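Chain naming follows the written order as A, B and C, and within any one chain the residues start at number 1.
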Amino acid sequence: MGELYNRLADDIRFVESLKACINCGTCTAICPAAEFYNYDPRVIATTVQSQDDEKIRELMSSDAIWYCGECMSCKTRCPRGNAPGLLIMALRSVSQDMGFFTESEKGRQQLAVKRTIGDQILASGYCVRPDMVDPGMHPEQGPVWDWEHKNLIPVMNKLGANYNGEGSGALRKISQDDLDELQKIFEITGGQERYDKIEEFSKEKAAEMGLEFGTDTNSEYFQHIYTANNQKHNHE
Amino acid sequence: MGKHVVVIGAGPAGLETSASLAKLGFHVTLVEKEDVSGGHLKKWHALFPTLLSGKDALETITKGLDSSIKIQTATKVTGLEAVNDYFTISGHNGWQEKADAVVLTTGFQLFDSHRKEEYGYGIYENVITSADLEELFASGKAFVNRHGNKPERVGFVHCVGSRDEKVNNLHCSKVCCITAVKQAIEVKQLLPDAEVFCFYMDLRMFGRHYEELYKEAQEKYNIQFIRGRLSESTEDRDGNIVVKVEDTLLGKPLRIKVGLLVLMAGMEPAPDTKPLANMLGLKNVSDGFIQPLDEVLHTNSTEIPGVFVAGTCSGPKSVSDTLADARSAALAVADYLKS
Amino acid sequence: MKLEGKRLIWQDYQKEIADDHYFYARSCIRQTFFPGAEAVFVKILKDELGKDIHDEQHHTSCTGIGYHSDVVPFDTTMTVVARQFALMTEAGYENYAASCVTSFGLYTEILDTWHHFPEKEAQIREYLFKATGREFTKPKNLAHASDIVYKFRHQIAAKAKYKLVDKNTGKPLKVVEHIGCHYSKMFPHKGIGGAEYPYVLSGMIEAWGGEVIDYPERRHCCGFGFRQYLVQANRGFSLSCSKKKFESMEPYEPDMIITNCPGCPMFLDRWQYALSEMEGKTYGENHNGIPVFTYEEVAGMIMGYDPWEIGLQVHQVPAEPLLDKIGIPYDSSRKFKGKNGEDLGMPESPSYLKFYSE
């Protein structure tokens, strides 16, 4: 048993997600990610089960652990009570804590998630807010969203939301006191540290790739990781 | 000798144990809860690996019964008590007897496939069990699915209710792999143009000529063996069953449409086994089957002198295993009663 | 398909749902895309059913989307959730009602984790106290908002003005129900009807007069996949999942889709638009799509609430064909107007998917 395996084993979700795998493919058969990507949760389970640190390191540095959609369909079905989706969460955590995530195209995207969803949580208390779903970045949202986005205040008002307002209700402004508590929780529980690590490791990678890093979503590195797709992820 | 033995359950195990005990000179009462003896064997059309008719097999086994054996049918044993050096056995209908030894041959129960919810048994008409299929074979009716069509594709799902912690059955039911191979061949014989698939995790071809039958299934009948456990089945508009399974040898998730899906339902301990064992203070292992004194050396004795087991109540077995086990149980009983 | 088979399974998965006095936690995604749905939920519970529902102003995101896109560690998420529980405790409530399925799944997972690892719960209590000085009691009853609507589905039916019935043919509407993955796939016993044949929406559809369609990809994920949608390069995953579902349900000619998860209706709505633009393909007749609704919206519709008050105009797949089928009146000229009738312009018409305006 190596160090990486031990780190994984420290994660409660790991304990809950992998007892003994019989390589049966029940998880893969139902996995939406396996249908779309070159991905096989069964192989993830058996690789980790080997307890071979070299293989686990390779896994954590690869695209493979980033394909899962965390739908947990696999948890319902595994005849051994495993949950590859949870196992993936443990792998992703260690991969980010150790910096392996920047070694793969899909892994590098974590910075994009951090700078959008991650930062939004601390800034506004919401993981998603309507003003954040920019029609330019989200053309699939369609013309109705485009219209709504242009008219956010009156539309939200019409639909009974308390958009950016005081007090309770949908889309209310979350008070600074509440945000401060959230920030404090992040600091005490390792959330902030995770954010910082994602930034640090990504910064190193950006330097290595010769891309401007910046601090927002307009930087070269952000734009690169947000859109890059080498087209090698899918089945033939 | 004049010693009296009560055998509980008149399936292959109970029948053969009773026959052997009678031949050895004991008084035997064979108690059966159903109106007719024969246990599960009554339901099987043809037996692996030789396709011997189940009916003929049962007839032959029953022929071995001595006229001295008292067969007490329609009596479900509900009470078992060890009193000094004998046992009192009582049935639900007031029947009661004393015996110097007891043999438990309560057998197994077929896993209730409704419990594998994701396979849709009891919901989608064209999902049936291996036992349903035996019935269909035995009926001699035209081989059509529940929509009245000749299925172009038939799938067999291994390990239904076995090797599955989701339904609390960790054990392997032992006979369903070879049963699937047998049934797949029979389907192919009836529908030579059909494509037949077996979805398995491991093929457990443990008996004489089982592997040969498997090879024949591949070579002669072109049955497709796909290594992967079925994840779910659903129904399409035409009543076909769409299954999701991974071909784990290719590492590819598959969707296959079949006209009939057969679930290889496994064996669980018969429902009465545990309560009866508990009345005597016998240990059941966690899987619910009775634990013999020693799984290698003393497979018919239990930790209670005078209480014996035979057949599938101590774990999944084929008919031939069961019969051999029954004869060996009779010798163990004789050994005990002689001393 | 034999419905009795499903009914037997449904019996095994009943869960207790509190009768009144709910602490309501809103959903980020629901508020962003379908705020009208939450408004309808509160209105029905309060005004129609006379229930007490506490609309907490201090709660935040549960961090669920961050957690499931792996930027937020489990300890952090658990502590944020513990804070929500503390707010509930402080407000004097013990029945937690989550608007979001991701949240609901997360709460369930966390309570289960604490059950198996009490030392974890103790540690989280410490974190929370250290960070905020707050303490909490765990909810006595945890429900997803759809559980609550399910519980009162017959009362709602009794007050409803309309049924999920085609007014011209008198036949029940054919309804696709889509359940958010995290509602019961992780903990089947925490969802009404379990994981394989969830009954929570089917029960509403039956009670409100519709007919549920069972199609092969019923259990497939809508394709959110968290990071698979959040990052532009991955969106093919999301699209392909939704498409698989549409293709699978199309032969059944569904009149509508009802969902219980905040994200799913958005994806199932928007991807129909995207597919129509990309492939010129629509899944309803005459260039119409299959309208997608939240269960709250459907409850509001049958109660006879104004379609534009509950937000049906912010769906990209127009609701009008369905409203016409049921016979629900609407004023097209007010569809894209503001609250007091002010002119807000109008969305552009998609190239392929039918557009309805005045």
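One rule holds for everything that comes next: a contact is a pair of C-beta atoms (placed from the backbone, for glycine too) under 8 Å apart; a residue touches a chain by one contact, two chains touch by 3 or more.
Values in this document were obtained by computation on a predicted structure and should not be read as measured data.
Chemist: Going by the touch rule set out above, what shape does the chain contact graph take here: line, ring, star, complete or other?
Modeler: Contact map by chain: complete.
Chemist: If you count the contact pairs for each chain pair, which pair has the most?
Modeler: Pair with the most C-beta pairs in contact: A-C.
Chemist: Between subunit A and subunit B, tell me the centre distance in angstrom, where each centre is the average of that chain's C-alpha atoms.
Modeler: 48
Chemist: What whole-number Å value describes the gap between the mean CA coordinates of subunit A and subunit C?
Modeler: 22
Chemist: Determine the centre-to-centre distance between subunit B and subunit C, using the mean Cα coordinates as centres, and give it in whole Å.
Modeler: 46
Chemist: Do you know which subunit C residues sit against two or more other chains?
Modeler: 195-196, 219
Chemist: Pull out every residue in subunit B that's touching 2 or more other chains.
Modeler: Residues 118, 232 of subunit B each touch two or more of the other chains.
Chemist: Name the residues of subunit A that each touch 2 or more other chains.
Modeler: Subunit A, residues with two or more chain partners: 30, 35, 76.
Chemist: Which residues, counting only subunit C, touch subunit A once they are in their complex?
Modeler: 26, 28-33, 35-36, 38-39, 55-58, 60-61, 63-66, 68-76, 78-80, 83, 105, 113, 116-117, 120, 127-128, 130-132, 181-182, 185-186, 188, 195-196, 219-221, 223-228, 230-237, 239-241, 244, 270-271, 273-274, 308-311, 313-316, 336, 338-339, 342, 344-350
Chemist: Which residues, counting only subunit B, touch subunit C once they are in their complex?
Modeler: 114, 117-118, 120-125, 232, 234-237, 242
Chemist: Mind listing the subunit A positions that touch subunit B in their complex?
Modeler: Of all residues in subunit A, those touching subunit B are 22-31, 34-35, 40, 42-43, 76-81, 235.
Chemist: Applying the document's contact rule, which stretches of subunit B touch subunit A when the two form their complex?
Modeler: 118, 159, 163-166, 201, 227-232, 244-248, 251-254
Chemist: Quick check: in the complex, which residue numbers of subunit A touch subunit C?
Modeler: These residues of subunit A touch subunit C: 11-13, 16, 30, 32-33, 35-37, 66-73, 75-76, 83, 89, 92-93, 96, 106, 109-110, 112-114, 116-118, 121, 125-130, 133, 137, 140-148, 150-151, 154-161, 167-172, 174-175, 178-179, 181-182, 184-191, 194-195, 198, 225-229, 234.
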